[in-house]
Every structure is written in structure tokens, then in C-alpha cells.
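The structures considered in this document are given below.
After this come two complexes, each holding subunit A, first together with subunit B and then together with subunit C.
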Partner chain A sequence: MLTRRRSRVIRHRVAQAVPTLILVSLVSFLILHIGPGDPALLLAGEFPTEESIAEIRQLYGFDRPIWEQYLSWVGQLLRGDLGLSLQSREPVMDLILNRLPNTLLIVCYAMVIAFVVGSVLGIAAAARRGSLVDRVATGVATIADALPYFWLAMLMVSVLALDWQLFPATGAVRFLEDPLGAIWTATLPAIALSISGIAQITRQLRAAMIEVLASPFVRTLRAKGLSPAAILWRHGLKNVGVTLLTVVGLVFSGKIGGTLLTETVFAIPGTGSALIQAAINKDYFVVQGIILMLAVLVFLVNLVVDLLYAVLDPRVE
Partner chain B sequence: MAVPLLQVEGLELALRAGRSWLTVVEDVSFAIAPGEAVGLVGESGAGKTLTGLALLGLLPRELFRAAGRVRLEGEDILSLPERALRRLRGRRISMIFQEPMTALDPVFTVGEQIAETLRAHTGLSPVAAKARAVEALAEVGIPLPARRAEDYPHQLSGGMRQRVMIAIALACEPRLLVADEPTTALDVTIQAQIIDLLLRQVSARGTALLLVSHNIGVVRECCSRVVAMYAGQVVEDAPVDALLERPLHPYASGLLRSHPRFAPHRARLPSIGGRAPAPGAMPSGCRFAPRCAHRTTGCEAPQPLLPLEGRAVRCHRAAALDLPGAVP
Partner chain C sequence: MRRLLLILRDPGAAAGMLWLGLLIAAALAAPWISPHDPLKVDLLGVLQPPSATHWLGTDDLGRDVLSRLLHGAAPSLFSSIGAVALGMLIGLPFGLIAGYLGGWVDAAISRGIDALLSFPTILLAVGIAAVLGTSLTNAVIAIGIAFSPGFARLARARTLAVKQELYVDAARAAGAGAWWLLTRHVLPNAVTPVIVQAGLLLGTALLAEASLSFLGLGVQPPQASWGGMLARALLYLERAPDLMIAPGVALLLTALAFNSLGETARRWLDPR
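And now, the complex of A and B:
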């Protein structure tokens, strides 16, 4: 599978990642400085005095040139130090590591749902174009796209959790302590989060598969005596692989941001709900740390997608 | 002729046009003997490609309606269910197409695409099919076949891809190969090589060939018999040499004389005036009459394909006319 050409492509992509990472860190760092107001004033609390502001300037190094501040911040970053929460004095890194598993669980769970349901609907719709299956799948995709997922989340909590008591309404179970319980608890949030992903994957995959099935080479495959099943699942699927990968990557990135509302509605102690809390409390370093973490996650997803392109498509150079 | 391998009788193809059907191919009849090479010629839109596709049952049933008979070794292809057609395609009757650039799946290696055909029709193991695929590439003259088998179509030139298409089509030793303009999309320098290869491969296997082409020159080199189509109908069916020397149908004569190779040296090429009628707007009588220089009374009546001098021709004046053929 991994030829020399492909491993060269992979090395190239990884090397390209370095400037992206530097940019990500720069933007996260600059959030404090490009936001409205003086950061020292922001940190000084409700009734700042001249002295307390000057003290904060010195404490956080705001009196130094900005590039010096950035470099020392990056230095801290490389040692895993994201600063302390202004609210709880807890290290931001500990706070993130504590909450990240809950977030990753619902994001990955939602991706699995979106991938499986979206692929099946999209391929079935393309294979039987214009049939009842196609109309149902297209209808589901349109409705799913139009539904606000936080509204769907609240509806599910109200009916499935509170009225019928099928699922817990809120909270999270730590995955490492009780994997099955954690997955059970994460089911409703994951479904709510997956809805727009199902819509996107269904629609994109349907369109891509219809295009592939109309390609001239499909006539060759039929002339060879292949069955429609072999044409669809062997040739069709491999040809839409790149589209599928692209849309899954996009949906994945979107879901990482989508956890903010989902976690809030379901009261899940994840990084998304922590970000919203921190923003309300003006807990500056927590906001900065979580945004950096989310950016790195999105970046990693994109990197993996790029690497998989080289594996999936022989034409990638 | 001995027992024909393929016998087409009164083939009629209609294309769905909204609620009605538009007849695009009508009353097409010809036969191919085992191992025979037959050319199917005519200008674009004459229905050559549709006829070729119909022989494999490849026209989508929701878009096309077929009537008449297409018998391959006595079995009527038009009435076979899709499942039986699949067992037939690629094994007893194969087809190659005009565009080698788009006729292969871009994300499978060429070796996989040959092996897949073998595995669909024979009980070969994956390893045996792969080994056979490499042999098939060697047979169509591809250098370093073991390495080329691992290549993807985009890594090969147009000529190489058409060789791969030939290898796929002949992998299961079919009885008949339909080649639809196999060299039209290729460089002139490659065309002769591919035609030569095609001929050697089919004659080595005793495979019959239906060469669909608008190029009568290529057909003369390859085929012993030629079927000329005009506006969805067969207008003349004759041995190549007889047709070249003395065509019986005015359209066949015009087609020959408009080919640069057969025209008088340095003379202006004679072209056929006017244009072919569109499906749905066919003349009720002879379809070529509006463009025919020999038109006379009687041409308004529909013309049947009639035997004459051991050929078949669709012209009531055929015996009376003395038409010019190819200038030697």
C-alpha cells in the first residue's frame, strides 16, 4: 500500500504542517491582544487601581515587547504550561486534560453515527436514484440540515430522557471507569451532534456516487460482465473515497466546534462547556488554552485527512 | 455462409423521448461468421455505436427499447434477462471503446482490472488471475508487464491504455469482439500499431470482430466484409473488395469517394451535399433520397434491404446504377 511515492507525499504533508502549527499558536496568543481593551485592565478585576494594573502588567510581562511575550509563552507551551485559571487557580492544562475525554467521546461517537447512517443513506439513494429510498434519504438530509441541533437536543432530553426515561438527561460518565455507561450516557448528545453531519455526508456521497456511476468507465465494467453490486461497492465506493474522506474531515472539524452548545444543553463537563463558562467569567487563560486545544484538534483531523488522501487516491502527487 | 456466430435480424432501437419513443435504429440485419472480421461503417449518428452496444445488451432498458432479434450462437440476446447477459458479456462477447482515457477505472491498477474480468467469469484464484493478467499484458505488447500491471491508468499513455482495454476484452477468449472506433482517439502513429495488434490478437484466438468505424480505410485493412449504415438503417452489406470496386448504394459510393485515400490524386474531395436526417424527421421513403444525385420516381417509397449479386442493398435502382467506387 505504501509505495515510495506515497511515503514521499506523507513526509511532504507533515513538513507543511509546521508553519500551520506556528500560525495556530500565534492566533491563539494574539486573542488577548487583539481583543477589545487593555489585557491588564481585563485581568485587574472589577475595581482596578493604577498600582494593581501596573503590578499585573509586570506579573504577566505585558510591559515587554510583544514578540518577547510570544516567545516566552511558546516556551511555556512546549513545557505543557498553559497558565492558571483566573477563577479556580487550577492549571489550565489539568482542566483541559480532565475534560477532554468527555468531549472526545461525544465527538467520536457522533462521527461514527454520522458516517454509518450518512454513508448507507447516500449510497442507497445514488444506487436507486429517483426511487422511494432516494426520496426518503434526500428528505431526511434536507430536514436534518434545517434542524437546529440544540433544539433537537432539548427535544430529545424532554421526550427520551425525562418523559420515557430511556436515557440519562444530563451529565457524563468517565469512559475509563465505566466504558459502557459512558457510551450509554453519551448517546443522546452524540445523536444530537451527528444530525447535521448525517445530512452533509448523505448529500455529498449521493451526488459523488451518482457522478461516478455515470462515468464512461462504468460502461467498461458492465461490458466486462460485472454485477451492479460489484460496480457499486467495489468500484463506486473506491472512487467516492476521496469525497467521503473530504466530507468526513469537514464534518469532524465542524463537530469539534459543535460540542460547545451540545455540552451546554446536556450539562456535560467537557471542554466546550468549560469554554463557554470561562468566556462568561472572563477567565482569559482558560479561553486561550481551550481555543488552542480545539485548533490543534482541527489541525490534526486535517492532517490525518491529507495523509489518507495519499493512501486512497493513486493520482495524488 | 456457414452457421453464423452472430445473426442480427430486423433490429430496431427506440429512444425514450418524454412519453413517446423515437426510433433511432431500424431494420438492421447482418450476420457474422465465427472468426470473421466485419466492418460497420457510416457517419456519426448513423446508429453504429448503438447497434454495437445493443449486441451486448448494454443499452439501459429504461431509456431504450429494442425489437427484432440478436442471436449469438442461437441464443437471443434481446430476450435474455440481465443476469444471463452478465455471464455472456466479457466471456462470449466483449467490447472496447473509443476513449481509452476514460474507459478504465482511475483508482484500480490495470492488473486488477484485467484480473477482475477473469475472476468474474472463471474460477481462477486471485493469485492465478493476477498472474494471468500479467501474461495478458505481455500478449498485447506491453513492455515490463509485471511492473505495468501495478500501474494506474493515469500512468499510461493513450495507446497503452487501449492495449490494456484489448487485454481486458480478450482475457476470457470471447467468440466476438465489438470494437467501437478503437483508434479514433489515438495519435495517428499509434493507430496502425493498435489495429495491427487487434487483428493479430483476434485471429490468434479465432475471435470474430465487429469493427465500428467511420474510417473505410481502416475497415478495408481489417475486414473481409463491410456493413454500411445510414440514418439508422443498413444500406449495403457486401464483401469489402466488391464494395470498394463497385458500390451498389449511392451513399456507400459517396462515403468511399469522400475518403482522401480513395479519391483521385490532388483532386478536390467530393463530399455528399446536405446532411443526414434527424431521428423523428426521417423521410418516409428512401432516407438518402434528399441527398442523392440519382433520385428518381420510386424513391418516395420505403426501401427494403434486398439481396443483389450476393450482397444486400437498400436501393431500388441498385442494379441499374453504375456507381463509382474507390479509385485504385
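And now, the complex of A and C:
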């Protein structure tokens, strides 16, 4: 059961989330307007004429005051309308919903890899501090932090997909049509995407576990005669669980950013590769829509993490 | 000085400094030390393996890979430093003002920071770069803006802590104005962790710039950049997988060097 204090913390977090969410939409809206010129000029393409610019200005309402434009944009947004792609005339919302499953599959897959590998490395390093295991784990984290993951992706495609033919080199399989095939195809992208997360989780978990193992209650448990393994698994894990939760939001944000390049290297038809294509083709409504949707996704994951934190951490009391 | 020597005894930090020193020298001297013109196309000698004339071989247009690598060092190095400096210049004042003034100003700036932090760095950078137009300068601006909310949040937290200190109260009681307090007392005491953060972000900035150039949103071809070289290598992954080795290793080593430098700065400035 939630105590009154906890539910108040939760209400406070949710109330704080509303203005932030509005600002997220405002930032996404304003991205089109930060350019040096007139957005109508941006949309008019290669050879703008006076008439075409005036026409576009009227069509999209750029002649109205900016707050009015924002409000009508939000109004459309609430009805699920993000405008049309300038290139394909496809509704931006359809384009996103079509591609989002591919993105979510590799992002979630990468999260799982990052948490499993990062936890194992972090805990092993903390348990045997200063040993070979610790040095290997720290070394892996150091390299993983500096490794350009899109380069790692290319190396994996070259060796594992093209030379040894173990995995498909590019593309994606729809999860709902063929779950196993989809996971198999997503394996290399997910590994490439998980790299920076592995570094973050290993490092955070190692530090948290070392702190727990050095705390007075662990000394008492040790004096009581509890085996090191029992201390590590039963008491240590319970206490670093919260640390693990707080990295979820950070790692998720990194993975969403990372999918832009990962999808591009593996030619996966997801939201990330669509954003890059749209950015290069100056398909601004697609850029705006995808940025908004991905930011809202990151925001919601962080909100859920915050709420879980309020529910699970005894210190909130 | 003795502390500096102790740090240099750390092999990782020493190697990092050495690599960065060589790289800066190579970046500055690239026009003179490059064996070939990095833009010179030679369609009769494309995708050559390493040889005496082309130490690292040639790319898909017959351009000398080593020369392009050397010419790519400058945009990578200077844009990472520029982006981090820009992020700090934008973020620091907002954080100081929010932390110092408190009240609704703080609430407004903090919500703005929260909102911007909902955007993954590279996502925001791609969006801004797309609208500003594709060039290295715009990529640096985009990455700098994307870094700024992180700096603002850190500066705000530090300002809140410093504001409580007795010497700030004392200065205020002695009649110091807000501007004096901010620039003479709060800023110098809040800036260390911000500088540490800047050092730790250099590697991230390097990879972000390489990512944008890789995606075609940073340095524009035919100008040489490491990210752009990797983009060409991706097109020729099947025919010439070796093309990706040199720029990738250069990026990895430079990011490692930046990170070890940042870590060294952290240990030096922030002994905790």
C-alpha cells in the first residue's frame, strides 16, 4: 500500500511533469523556427518564387503570430495529426507508427544486453575489487565509453555478417510476423547500440556495490559470520537495485539517440533512419514529428522511473 | 607541479596527453606534412591497398587516406572543444541565475532544463543541424546547444550549495550587490565541477561531431573528416572493408585520450 507521504510525492512528480511536457512540445515546435530565415523559405525548396513562398506561408499559417501557430499545432497534435511529409505526402503520424516497432525492438534489446552485461561486470568488479576481473571490467567500460558505436556496427557487419555470414547485414523483420527472425536480425544492431550503456551501468553499479560492501551494516553481517556470497547476493543486490533503476532513464535516452546511427548503418526502417533521411531531405514536418515523439518517449520513461523510485525507495518516507 | 608529475606517471594519462599532443601538431601541420593533396581524385588508382606512395592506401575516389586522415584531425579536435565551450557558455549563466535568484525564475529555468534534457543529445543536435543547414559550424552550434542544459543543471546545483556558505552571507551583509556576489563569490566556487564536466564531455563531443559528419550533417564532402570517411567506408563495406580502419581507430584513440584527460582533470581539480 502507498502511504500518504508516498502518494503526495507521486502527485507532485506528475504535476511537475505537465509543464515539462508542454515545454518539450514547445521545443519541438520551435526547432522549425530557430533557423536564420523564414520557415516558409525553408519549405519552399530549391527554387523558391515569390508566389510559392507566399502560398506556403498562407497554407501553413506562417503569417499568423507564433503563439497562435503553436496553439493550432498542439490542437492538431492532440487529434493525432503531425502534418504531412513534404516528400511523400504521407501523414507523419502514420510514418512514425509504422516505423516505431523496429526502433523499439532494437532499443529494448540493447537495454537488456546493457543491463545484463553491465550488471555482471559491475558486480563482479566490486566483489573482487582490484583483481584481474575488476581490471577487465574497468577496461571494458573505458573502451566502451570511447568506442564510436557506429564504427563497431560497421566492423560487426563486415566480419560477422559479410565474412562469416552469421547474421543478416541489413534490414529488419517485423516482430509480430516472425518474432524469432526479428530478434535474430536485431542482434547485431542491439549489440552495437548497447555499448555505451554497458559502460554506464558497469561503472555505476561497481561504485554503488563498493559503497554498499564498505558500509557498517555489511561489516556487522560479516562479523555475524554470513558468507561473502550471501552478503553480495542477498544484501548487496537489494541495496544497489535502486541505483540500477536510476540509470534506466539515462541509458534509455542514450539508446534512443544511438538508434539514429545504428538504424542508418544497418538500413533498418525505423524512426531513427527516417529522421536522418528527413533531416538530409529537409522534410521538416517529419523531423519535427519524430523528434517530438522520441523526446516524449524518453520523457515518459523517465517519469515512470521517477514514480517507481518514489514507490520502491524506502528513503522517500 | 608535483601533483602534475604524479598524474603524468599514470601511464593512461601520459599516453593520452602524448596522443593529443601529436594530434594537435598533426592537425596544425596537416597542409605541410600530408604526403598528397587530400582532395586530389585519381580514378585510375581507387581503393588501393597500403603502398610506399600511399601509406594507408586510397579511397573510392583514389584519394590518399593518410592525407585525408591528417586533414580530418583539425575539424574533429577543434569542433569538440568548440562545442563543449559553447555548451558551457550558454548553460553556465542560466544555471547561475536560476540557482541564485530562486523563486519563479528558478522554476521556469528548471522546467526548461528538464524539457531539454528529455531530448537525447544527438537527437537535438540532428534537429538543430537540419534546420540551421549542414556545415561544420552549425554542427558545433547544434552540439553546443544540446550540451547546455546539462551544464545549466550542474551550475544551478552548485550555486544553490555555494549560496548557503557563510562568506556569501558576509559579503551580502557588507553591502555587496547581486552582480558582485555572482561574479566574485558564487561563480569562482561553482565553476570547478562545471570545468570537470566540460573535460569529461570532450570525448562525447568528438563522437557527436563524427556522428553528424557521418550522417552528412556536419563537415561537407569533399572536405575531409573522420566521420565523413566512415560514411564513405560504409558505402564500400563489401568491396573495401579496410577503409573503415584508419578513421575508426583515430576516433577511438582520440576519444580515449579525451576521456583520460577529463578523468585526470577531475582527479586534479576535484580531489573527492
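Some observations on this one:
Basically, the second predicted complex is superposed on the first by the 308 of 317 C-alpha atoms of A that agree within 3 Å, B and C clash if a C-alpha of one lies under 4 Å from a C-alpha of the other, contacts with A are read in each partner's own complex, and residues count from 1 in each chain.
The definition used in the following text is that a residue touches a chain if its C-beta (ideal position, glycine included) is under 8 Å from a C-beta of that chain, and two chains touch if they have at least 3 such contacts.
Worth saying up front: this structure is predicted, and the values here are computed from it rather than measured.
On the superposed subunit A, the two partners subunit B and subunit C both fit, without a clash. In the superposed pair of complexes, A:Val24 makes contact with subunit C only, with no contact to subunit B. With both structures placed on the common chain, the touch criterion links A:Val120 to neither subunit B nor subunit C.
In the superposition on chain A, contact is made by A:Tyr284 with subunit C only, not with subunit B.
Applying the stated contact rule after C-alpha superposition, one finds that A:Asp313 touches subunit B and leaves subunit C untouched.
Applying the stated contact rule after C-alpha superposition, one finds that A:Arg219 touches subunit B and leaves subunit C untouched. Of the two partner chains placed around the shared chain by superposition, subunit C is the only one that A:Met154 touches, whereas subunit B remains out of contact. Which of subunit B and subunit C touches more residues of subunit A: that partner is C. Touch criterion met: A:Ser227 reaches subunit B, while subunit C stays clear of it. In the superposed pair of complexes, A:Cys108 makes contact with neither subunit B nor subunit C. Vertex at subunit A: the C-alpha centres of subunit B and subunit C lie 90° apart in angle, rounded to steps of 10. This overlay, made by fitting chain A, leaves subunit B and subunit C with a least C-alpha separation of 20 Å. Considering their complex, residues 16, 19-21, 23-24, 26-28, 31-32, 34-36, 42, 142-143, 145-148, 150-151, 154-155, 157-158, 162, 253-254, 256-258, 260-261, 264-265, 275-276, 278-280, 282, 284, 287-288, 291, 294-296, 298-299, 302 of subunit A touch subunit C. Across the interface of their complex, subunit A is touched by residues 111-112, 114-116, 118-124, 126-134, 203, 207, 210-211, 214-217, 230, 233-234, 237-238, 241, 244, 247-248, 251-252, 255-256, 258-259 of subunit C. Of all residues in subunit A, only 215-217, 219-227, 230, 235, 238-239, 241, 312-315 touch subunit B in the complex they form. For subunit B in complex with subunit A, the residues that touch the partner chain are 56, 58, 86-91, 94-95, 97, 99, 102-109, 116-117, 120-121, 152, 154, 165, 168-169.
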